[in-house]
Amino acid sequence: MVSIANKGRSLWADAVLRLRRDPLAMVCFTIIALYLLMSLLCATGVIFTDYNVTDNAQAYQPPSAEHWMGTDLFGRDVMARAAHGTITSLIVGFFGAALAVAIGTILGALAGYFGGKIDDLIVWLYTTVDTIPYILLVVAFSFVMGPGLNTLCLAIGLTSWIRFCRVIRSEFMKHREREYVQGATALGAGHLRRIFIHILPNTFHLVLINFSLGFVTAIKSEVILSYLGMGVAPGTPSWGMMISDAKLELFREVWWGLAAATLFMFFLVLAFTLFNDALRDALDPKLKNR
Amino acid sequence: MWRYVARRMLYMIPILFGITLVTFLLFNVAGGDPAAQAAGRYATPERLAQIREQMGLDKPLLEQYLHMVKQLATFDFGRSWSSRQEISGLIWAGIGPSLSVTFPAFVLSLLITIPFSLLLAAKRNTAIDKGTMVTCLGLISISSVVYVLAGQYFLAYKLGWFPVSGWDPSWDGRWQYATLPILIMVSLSLGADILFFRTVFVEEMFQDYVRTARSKGLSNAKILLKHVLKNGMVPIITAVVLQIPFLITGSLLIESFFGIPGLGGLIYQAIQEADFPVIKAMVLIGAISYMVFQLISDVLYALVDPKIRLS
Amino acid sequence: MFKNIFVILATSLALAACTKKAPENDNTINYGLRTNLKALDPEQGSETSANEIIPNIFETLFEYHYLKRPVVLQPLLAEAMPTVSKDGRTYTIKIKKGIRFQDSEVFPDGKGREVKAQDFIYSWKRIADPRNKGEGWWIFDGKIEGINDWNAKLAKGGKPEEVNEAFNAPISGLQAPDDYTIVIKLAKPFYQLNNVLAMPFASVVPKEAVDKYGEEFMNHPVGTGPYKFESWIRGNKVTLVRNPNWHGGTYPNEGAPGDQEAGLLADAGKPLPFADKLVFHEIPEAQPRWLNLMKGALDFGGIPKDNFDNTITDGKLKPEMVSKGMKLWTFPSLEVVYIGFNMADPLLGKNLELRRALSLAYDGQTARKKFYNDRATIAMSPLSPDIDGYDAKFVNPWKEFNVEKAKEHLKKAGYPEGKGLPAIEYNISGSSTDRQMGEYVQQQFQKIGVQVNIISSSWPQFIERLNQKKAQMFGIAWVADYPDQGNMLQTLYSKSAAPGPNNSNYNSKEFDALFEQSEKIPPGPARIALFHKMRDQFVKDVPWIPTVHRLNDIIYQGWINNLKRHDIIRNSYKYIRVDQAKKAELKAKL
């Protein structure tokens, strides 16, 4: 058991070392950290405090020294709106992914660990949900719960756990038979203890990878749902809203709203995707160099 | 083989049950009062009671559920709340336009991505490979809404190469309107497909048979085309088959932007108007066609790889 | 009727299959519908797109004179305007002889049957039949003798044969003493009957077609109009062709002042209709509609809000558009756009000072510029412009934009600086523009410290909230069904509270008494005086913030002649003439 724990630690230490040596991963990590910092500073009112300041005389001003990304319909600074939109995206990304990972991990763990009838039931559940077109399922959830930020997180979380469930399930199936689990059983550990204390930490790298994948999915879903009129409450800065407003604005030659939201989103999603790849390589070295 | 297919088909029954159950729970139990939404303006309480009766909402839940199953079995989903048109008629009318965008896009995208990703796999870890991979990751980091917006604005509005939107059901007119949606659809799938196919091919290149072939002195090109492509096509085809049901249901975004009277547009309109029966019918149809193609995909896979059948 | 604010806004255009080959017949009018078409049955026709098409296929007893303003009714299928009994309760209407339904397979030999008085009664029964989910019942509800009892019997339901028998039972107020005479007996005086009978709802439909097609009649319309239904490619376009058996009509010989100069009388006396074919393209997105108009694939249509600056300066079309032969036609909508307070709401309904404060805090001028490009009149009351009784000089004191004053009233309301006031829910429905308007309201009220949460939902869900009196505050528009201020003011009558048109559930004894009185007297100065008293009561109680009355700008191509759009005149296509030679010449320039 001790040796297993050590092995676990070395896997993580190893991974961190590998990540550190990967310049691309470090750049991505920095970008993500900067986004986090920016949204924190925005939320606490340190930077971009003018995101809600309207000046109707200054509507739709093109980018200038004063407004780097121009102004929107109400004369609000687009750059500040986009920066504040990060908060919405990070909230949706975090809670959406966290919910999905939580559901996926718990169900996957139960299915993989117990097998038999429980496994059959959970496999049936996720096959069913998987069969229903994703976007329609999200839309149906939003309809039932009414629009808003909470719904957005819930709908995304409740619909995107399947992938994680599958991965965790097969991982648990593998681990279930391993010596260290058998050893724990011999020492009298209960099912819950075995699942959560013994096996789960050994699949944690998968949880992490999946979380970061889920994050990207959630951020992208927010845009589509906003376009469908199921996004956050009007007035709340969000990239999805900015992009769907562009549908009207482009034909006024107002491109900066779309550009700002797209750029902000682009770097965050790209950094997340690249970092996720690096993370996977670091945690799962077999795949490296392929 | 037939036993496998039979077993696999038998397995569809509980899934089918699951699909109908989830749909029923979402729309009939949790989704508010359908009568109030169907009734529209000037709905007095008496009128609501009447509509509830017409819709069978006063019946026990089990009976309502069985009614839904019957609708599905007979492909008669009743009428839309908003237009009062027969839903099955709306669906039949929408399949053609949806397919005329999605099918060419699907074929075109495969014709581009498969050879391209094979080439990348051959040149893996070179600058071209890495550059393309980053480009692909960049492509998938942009929201699909932006592709549609930008495509319509620049290619149709600014440059005037294509009509901005519309549809002409005659065959020669159709391409005029379908071309830009097809191109946007291809560009939407490009990034993800290339990344996926490349991974598949790279995986194949590490297989023993490649080493054996190489040791026999086969040229690189020959190995790629004869072995890697052939073997790599197995996971690719099985994955690709699973995209076919989405070809039928069309793209919600693209059809709504370009005014294509397909199933995606139908869904979009139904969402805008909270037209539950239409959304419900589309959920059921989408789910079932996905299930069917999953079966086809599994059977194809089993045909190629007999080991699967035993599991 | 209520309209989603932006669905109605003028803009309307289309695309057209502009194929490379020379089109066989260019004597076609192409129009772009703003919403996807749902059904072509007049019984269901309360929808903007359907109402664009239905009056070309179906006809009513009366129609509005194409050119005269203010609008005036004239006979269409009727021989003459009705003769009315002294007590104003009995209307006798003679219908024209020899009117035939369009040729259709529903008739024994495929030839259209002659229209009889009974056909009208049958068609109106359909509107009143509770089994049909149409929205037209209100036009007869409580107005025609015996119709409510008849309706109640049908609503009870029962075996099919019983219900059919109930349907066939006579209604005492709707009689046909002979094949060409209709006698309508009213349950109470109703001076707007002629207007109601000119609405598409009251069109005559053949029983044979309804019997044969059942609910599918909406896809196989057969009427008496100048155009016949040819095809409908769902989600794409509807094509109508000239009805060779139409009973005929000629272009009017006289019009309103200025029509002569505008060339609107050039075709006086010529036989109608001019165009051979009407094509209605379904293009719900504003930009594609606009671009198709610019390319000449559509013949006329509105200007999307976001293209306005590139199109019009100082109320005139920009020179580059004029050089392409394009012309501009502007007309006011008979409507009021407003922010409604739910008077049944315990917070807003009980606190007059709060409503006053909110009304004072709303900057209508900026909204007019931002959302309507100044192509709207600031609304002071529910009375619609361009209808008798509208007073352009009237000023509503609570419509002044004055933040300081608003704050004072907020203090009087018991919420100084908005302290202690819970966030108010503002309900909206619809597009990005509707959402932006919601945000605007939010910003306006924020200035005096009132927080607003915007609840955005689909139109049916929005209506559901209104019907259940759940919407605290909402943005909506009321468009006149016919040119009468009484139709505008019923939105405030307590007996038409939700689910009726009075969505703000305003309940004022004084207003109700005035309204009921106004229903009892014929149009004229006395009635207008009552309207003004109702308006004053409205101003006193502030149940809404009226925002604007919109102007519609229609751009039309140089080859289109005789275009004179109006909200109420729905059968204008038969008057429009396409100059094909000019079209060929101008299209080359686009």
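When the chains are written out, they are named A, B and C in that same order, and each has its own residue count from 1.
As a convention for this text, contacts are C-beta pairs under 8 Å (C-beta built on N, C-alpha and C of every residue); 3 or more make two chains touch, one makes a residue touch a chain.
A quick note: this is a predicted structure, and the numbers were derived from the prediction, not measured.
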Check: interface with higher C-beta contact count, A-C vs A-B, is A-B
Relative to subunit C, largest Cα-centroid distance belongs to chain A
Chain centres from averaged Cα atoms put subunit B and subunit C apart, in whole Å, by 40
The distance between the C-alpha centres of subunit A and subunit C, rounded to whole Å, is 47
Subunit A to subunit B, mean C-alpha position gap in Å, rounds to 23
Each of the following residues of subunit B touches two or more other chains, namely 32, 157, 271-272, 274
Check: subunit C positions touching at least 2 other chains come out as 287, 457-458
Expected list for subunit A, residues touching two or more other chains, is 229, 244, 247, 251
In their shared complex, subunit A is touched by residues of subunit B numbered 14-15, 18-19, 21-23, 26-27, 30-32, 124-125, 134, 137-138, 140-146, 149-150, 153, 157, 199, 202-203, 206, 246, 249, 252-253, 267-268, 271-272, 274, 276, 279, 282-283, 286-288, 290-291, 294
Contacts from subunit A onto subunit B in the complex sit at residues 124-125, 127-129, 131-133, 135-137, 139-141, 143-144, 220, 223-224, 227-229, 239, 243-244, 246-247, 250-251, 258, 262, 265-267, 269-270, 273-274, 277, 289-290
In their shared complex, subunit A is touched by residues of subunit C numbered 286-287, 290, 304-307, 309, 366, 370, 428, 432-433, 435-436, 438-440, 442-443, 453-458
Subunit C residues touching subunit B in their complex are 1-2, 15, 17, 19, 36, 38-39, 44, 130, 133, 135, 137-138, 155, 157, 215-216, 218-219, 233-236, 281-285, 287-288, 291-292, 457-461, 463-464, 467-468, 499-500
Given the complex, residues on subunit B that touch subunit C span 32-33, 36-44, 46-47, 50-51, 53, 79, 81-86, 90, 93-94, 97, 152, 156-157, 163-170, 172-173, 256-262, 265-266, 269, 271-275
